[in-house]
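Shared between the two complexes below is chain A, which pairs with chain B and chain C, respectively.
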Partner chain A sequence: MGERGAAAQLRWAIFSIIAIAVTMAFLFPIYWSFSQSLRNPADTFTVAGFGIPWVNFDPTLENWLDQVGTPETTRALYNSTVISVSAAILALVLGTPAAYAIARFQFRTWKNQDITIWFLSQRILPPVATVIPFYLIMRSLNLLDTHLALILINATFILPFVVVILRQTFLELPVELEESALVDGANYWVAFWRVALPLAAPTMAATGLIIFAFSWNEFLFAVAISSQNVITIPVHIAGAVDTRGVQFWFMGVRAMVAVIPPVLIALIAQRYIVRGLTLGAVKG
Partner chain B sequence: MFYVPKNAIYKRIPRRRFLELGGGVATALGAGSIAVGLSSVVTRSPVQAASSDDGKWKQYSGTKLVFMSENTPPSFAIRENLKPFYDLTGIEVEILTDDLPVVQQKVGIDLRSGQADFHLNYVQDKPIGAPFADYFANLNDFVNDDTLPQDPDGMGADAWFENFLDACGTMYTRDRLIAFPYDSAVACTFYRQDLFEQHSPDFEKEYGYRMEFTNDTTWKNVYDFADFFKKLRASGQDVPYGYAQHQGSFAWTAQLDIQRLMFAHGRWTEFNIDDKLGSKEPGPTNWGDESSVFLMEKWKELADVAHPDNLANDTLQLNTVYQAGQIAMQVQYHEFAASIEDENTSRAAGGKTAYAACPKGEASWIKNGGEAVNGTNCGIGGIGINNNASDDLKRAAYLFAIWSTSKNTQYNVLKGVGGTPTRKAVMDMPGVKEARQRPTDMPNALTFDAVYDYGIRDPHFVLGPKIPEANEYYQIILTEVQKCISGQTEPAEACEAIRDQVDDLNDI
Partner chain C sequence: MRWTSRVRFLFLAPAVVWVLLFTIFPLGYSLFIAFNKIEQTMQVERVKEPVLNEAGEPVLNSKGEPRTRNVVIRNSVTTTEFVGWSNFTRLFSDPQVREAIQVTSVFVFIAVPIELGLGFMIALLFNRPIMGRSALRAIMILPIFATPIAMGYSFFTIFYEEGGPLSFTGIPWLSDPGWALFSVAVVDIWQWTPFCFLVFLAALQGVPDELLEAARIDGASAVDILTKVLLPLLQPTIIIVLLLRIAEAVKLFDIPFALTGGGPGVATQSYSFLAFRTGLRFFDLGYASAMAYGLLAVVMVIVLFFFRRLRQNYG
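Coming up: the complex of A and B.
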């Protein structure tokens, strides 16, 4: 083996070690939650080391049996699903035409780029700055502690993401296809609906999954707007902290339950995500 | 470039049309608001002073009330068992619960904006009561009303444990009563009796006195206990740390922590005001005086021998650390006894923990000439009525306020989920006296001797500071005390920084 081959092997080894270390760093919290979920309450406070089941403690399924069947957990999963799916659909329905418009048309008063940056700035806006206004608006509309309130708020915050991502997607689609449709007698709506939208579908799917995850994980507005009826899964996890202490064992179970739906959806839709995110990566 | 026919896609909306749309939205919002207002329906069947008790309880049958409360055991327990109240009154009550800071914000918005979305509010004495005192109804108006039912055990100061009515009900003036004591968290000492007994001989050899905890145990003794355990650990023995403080992110309990030490030594208080009434204009603070600086030095010395996670642990975390068997002593709120005595979650359960009063002041540490006391403070959660509500809604809310703080309700909460009664009459109920001794099915009762019979009584009890800016005050204390015990500032600097900021806060 020549020097160049040895150097390449060394580089490969270093990159591998770094990759493994980074992966472990990201996975460790998930592993730790899982480990906590299998412990007796007393073991959650006292187990030392890496918390390996059967090595550091005797695992138990009691926490899972206690939590998974409770109405609170079921309701939290239901609420999170309804809110996240609805918010994602609403944001896509509103954001896709907006993205198409910014990508294809010239606006008069403001430049298209400025409008895009304005949308992007909504992602930069600290959500905490809007909690009280949103709270007051929802109270005025009698929407506190309702699904609709959280759907509207989540949609507001994920909408810019949809617009910015899909704008780029539409920009990178060959405009000639839509022009051909127009030449063949289609109007702008048909060109958008029949030509552009199907081509952008993989990216829309990927965007939908990402914004679904954003809404799924959203905590700040959920805790402010909900009180009893629309407790979402992140708020339910935080509910393991009560006035008597922190129930780490239940927190572990709830965290694992919260992770499962997005992971399953991501696994099922993996190929769309990859296609969507790489669309336009290579220009012909 | 994509071809766009002029005026085809970006068709302008005429100004008139825009105004029409705006007007439509405004009308819709207005209609929504009116609908909200109309949804607060109250029904009333007028009663006379001579009406039957049943008639008085039922006079608002059909009304719906909302109670915003902290996520405390009494609120959960009462929420799960509202049927008796509904059967008694015909009033439907929705109990919403959240963490204290969230409750504080939601209640604050409701009160200050002149709304009454929450007819009943959790009035945690200083964090909610002190800033929003003026927005709560004067309960004295209802207590003296013959057309409302009254609690047979009364509503005067004698009906409640000492100082509780003052703590959450009296703010700045005795002319108004803003809340009835609903649940309580009073500080007392939790310590590992098994470890104290086991190590007492070795401790006595080194320090010259027995390692035990009594009402005369001082803060100097606490330092010795902590120092002793820390040295044992350093020598390789498998023992917990001796002591820990609440110096984590929850500012209020951090303030209460150091307040206990300060008050124990000469009954030092933050301001020269009536401690039970408080003041909207408290004047210059006492922070920075000789006593505060000296005691801040002692606080830092205590921190130096405390559990290493001292700066990360607030109330809940500290209790968790104690449950895990990592400390031998904590000054904690007596409602936590229920979790400490739970053998599933606590290594300090099963008779290993004993409960005592808060530590007493060390005579040689007193610089202001005052007396040494067992400085004890608390959080008394009251139930108050939103003064923005209509008169009838306030009267209906009063029915729930007296029911939720009645003897039977408090007894059920104590027995069911480990509540902490505020009404004296609960002590005379069957089983409660016996529950104060092991074995017990009401673990919180194990703290009653230390708390109700001793700690909450004068001269040990400290309530304040009740000032409108109480929450800002707590944050200042937390920030500066954390800096001090982490070694970023000297004790004198910390006290002076507190003084400057607090005086600035109060426009001095």
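Coming up: the complex of A and C.
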């Protein structure tokens, strides 16, 4: 037994080391940006290798203070936050009742699964197919470069996540609670609002965070719609390159500013991510 | 047992109306545009305008006449002309389109198989008892959510050929056309392998231990277990992940935008990138809409190919 235990322990150690190495490799690009954000301009070019603070270079917070204080960056942070929060709330408000309807009610002419796939097909649609008409429509409504235009479009493309994830959630809730409420004389709205919704609240919160992150990261529509007023964080990053060439140390700060919120969300909403990203097609 | 009531339409209606308004209507509009040639021209007019003082009265010059200044008025004028199928036929003879299709398909053929294969291998690794598994898993997830455009620029500094962390390899990551497309694929692989890993890990953890135990007792080798037990069991998951990855990968846009700007030359100009530039940078809107419909057709074919599997998953 001892021999076998030792062999198992060796295997455990070897596989652990491989797993740690793989994880570090995947973390490296994010770490690299972080490391650059802490460097003096001179250090970004002279230091080859992997940039470990206090080993390869003396870290400084100067880039952070310089960048995060600029009105452009604070404005972009404000825009991204307003747009993503509004779009996420809007998508939850529109999508949750629809998810409930597909999970609980029977539709005949269009079968429930076809309605689900109809919503899902939204997500698979190439965004470049809708960006041109959307741009023209917003131009004729005089809504180019407004928060509203980006809130509308972001809500549209995150809506399928809400429908498909919450549909699965409602299917997994015990239907008996709602049915006994109905027997007690409640109507469908009360059964949804008072019984099902509180039970689905944790998944709704997680879904809200995930779709917030998707809106935060969205670039194609943001760059098409914005010219001055509604520069979001991704557009802000892209714009910096055109005007000044790539200044690695500032780019590091901006990349971190962009990446930190969605990455924190990924850590918080971990449990729900598989279902979210596969649109509920795979449980987990 | 599912309920029936007319109320069900009230629950469903807001989302359906929303999709009709913001997806179906734009797509219809775009189809109309695709049959037209839309041109935007700037009309520049010069007019003389009287100069006013603070009280709003005309200012007079030394001769006692109202002073004027020249003002340039720019008007953007859009003309629409029906051109039938010509935007669509133009697609077939446009060398730029051909190149963009090639770039996109090579990218998909490099990135997607590696993402699935690597993701599966890492999932097998993490399915074993290892140190700090849940913490490592949490870190592995992060790339999926890291803002693509930001990471595109971040990778630009990683691939930087004079002093970047990969410069020791001597590989022309961004300056050689072939390598540049590969570098674009590397960023995508970095971002989406964790997604494949995560889904496969969830699926692997759903495989009952007794099944594997029984196979081992029957003397099955590790390879047998993989090919005869795990792969067949995970097949539905693999198909869904494959569908989602292909459907996402053909939309490639953010990474070349940030990493290479489509270059060198047009070596990394993806189809979406070309359609975006044609429409919203060169304002050849009719042609760009036709291009977008070409991509839409391809994606539809992919989805229809997987349709039966999708219906099962959402049953």
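We adopt the following convention: the second predicted complex is superposed on the first by the 241 of 284 C-alpha atoms of A that agree within 3 Å, B and C clash if a C-alpha of one lies under 4 Å from a C-alpha of the other, contacts with A are read in each partner's own complex, and residues count from 1 in each chain.
Simple rule for what comes next: a residue touches a chain if its C-beta (ideal position, glycine included) is under 8 Å from a C-beta of that chain, and two chains touch if they have at least 3 such contacts.
Note that the coordinates shown come from a computational prediction; the quantities given were computed from them, not determined experimentally.
J.: Mind checking the superposed model to see whether chain B and chain C fit together on chain A or clash?
T.: Clash: chain B and chain C overlap once superposed on chain A.
J.: Identify the partner contact of A:Y188: answer first if only chain B is touched, second if only chain C is, both if each is, neither if none is.
T.: In the superposition, A:Y188 contacts both chain B and chain C.
J.: For A:L136, select first, second, both or neither according to whether it touches chain B, chain C, the two together, or no partner.
T.: A:L136 contacts both chain B and chain C.
J.: Taking the superposition on A as described, I'd like to know which of chain B and chain C A:S227 touches: first, second, both or neither.
T.: Only chain B; A:S227 stays clear of chain C.
J.: Identify the partner contact of A:P41: answer first if only chain B is touched, second if only chain C is, both if each is, neither if none is.
T.: first
J.: Applying the document's definition of touch, where does A:F119 land relative to chain B and chain C: first, second, both, or neither?
T.: The second partner, chain C, only.
J.: By residue count, is chain A touched more by chain B or by chain C?
T.: After superposition, C is the partner touching more of chain A.
J.: Give one of first, second, both or neither to describe whether A:F105 is in contact with chain B, with chain C, with both, or with none.
T.: Once the two structures are laid over each other on A, A:F105 reaches both partners.
J.: Which partner does A:I273 contact after superposing on A: first (chain B), second (chain C), both, neither?
T.: Touch status of A:I273: second partner only.
J.: Going by the contact rule set out at the top, does A:D145 touch chain B (first), chain C (second), both, or neither?
T.: So A:D145 only meets chain B here.
J.: Taking the options 151-159, 205-213 or 277-285, which segment of chain C carries the C-alpha atoms that clash with chain B in the overlay?
T.: The listed stretch with clashing C-alpha atoms is 277-285.
J.: On chain A, which stretch or stretches are contacted by chain B in one complex as well as by chain C in the other?
T.: In the superposed arrangement, which is not itself an observed complex, chain A uses residues 45-46, 101, 104-107, 132, 135-136, 188, 224, 241, 246 for both chain B and chain C.
J.: With touch defined as at the start, can you tell me which chain A residues reach chain C in the complex?
T.: It is residues 12, 15-16, 18-20, 22-23, 26-27, 29-30, 32-33, 36, 44-51, 93-95, 97-98, 100-102, 104-107, 112-122, 124-137, 152-153, 155-156, 159, 163-164, 187-189, 192, 213, 216-217, 219-220, 224, 233-234, 237-238, 241, 246, 248, 251-252, 254-255, 258-259, 262-263, 265-267, 270, 273-274, 277-284 of chain A that touch chain C.
J.: Which of the residues in chain B come into contact with chain A in the complex?
T.: Its residues touching chain A are 2-4, 8-10, 29, 32-33, 35-36, 39, 68, 70-73, 94-99, 102, 105-106, 109, 113, 115, 117, 316-317, 319-321, 323-326, 335-336, 338-339, 344-347, 418.
J.: Can you tell me which positions in chain C touch chain A when the two form their complex?
T.: Per the stated touch rule, the residues are 2-5, 7-12, 14-16, 18-19, 22-23, 26-27, 29-30, 33, 122, 125-126, 128-133, 136, 138-151, 153-158, 160, 162-165, 167-168, 190, 193-195, 198-199, 202-203, 206, 237, 240-241, 244, 247, 250-251, 253-254, 257-258, 272, 275-276, 279-280, 285, 288-289, 292-293, 295-296, 299, 303, 307, 310-311, 313-315.
J.: Sort out for me which residues of chain A touch chain B in the complex.
T.: Contacts found on chain A: 40-42, 45-46, 101, 104-108, 132, 135-136, 139-142, 144-145, 175, 178-179, 182, 188, 223-224, 227-228, 239, 241-247.
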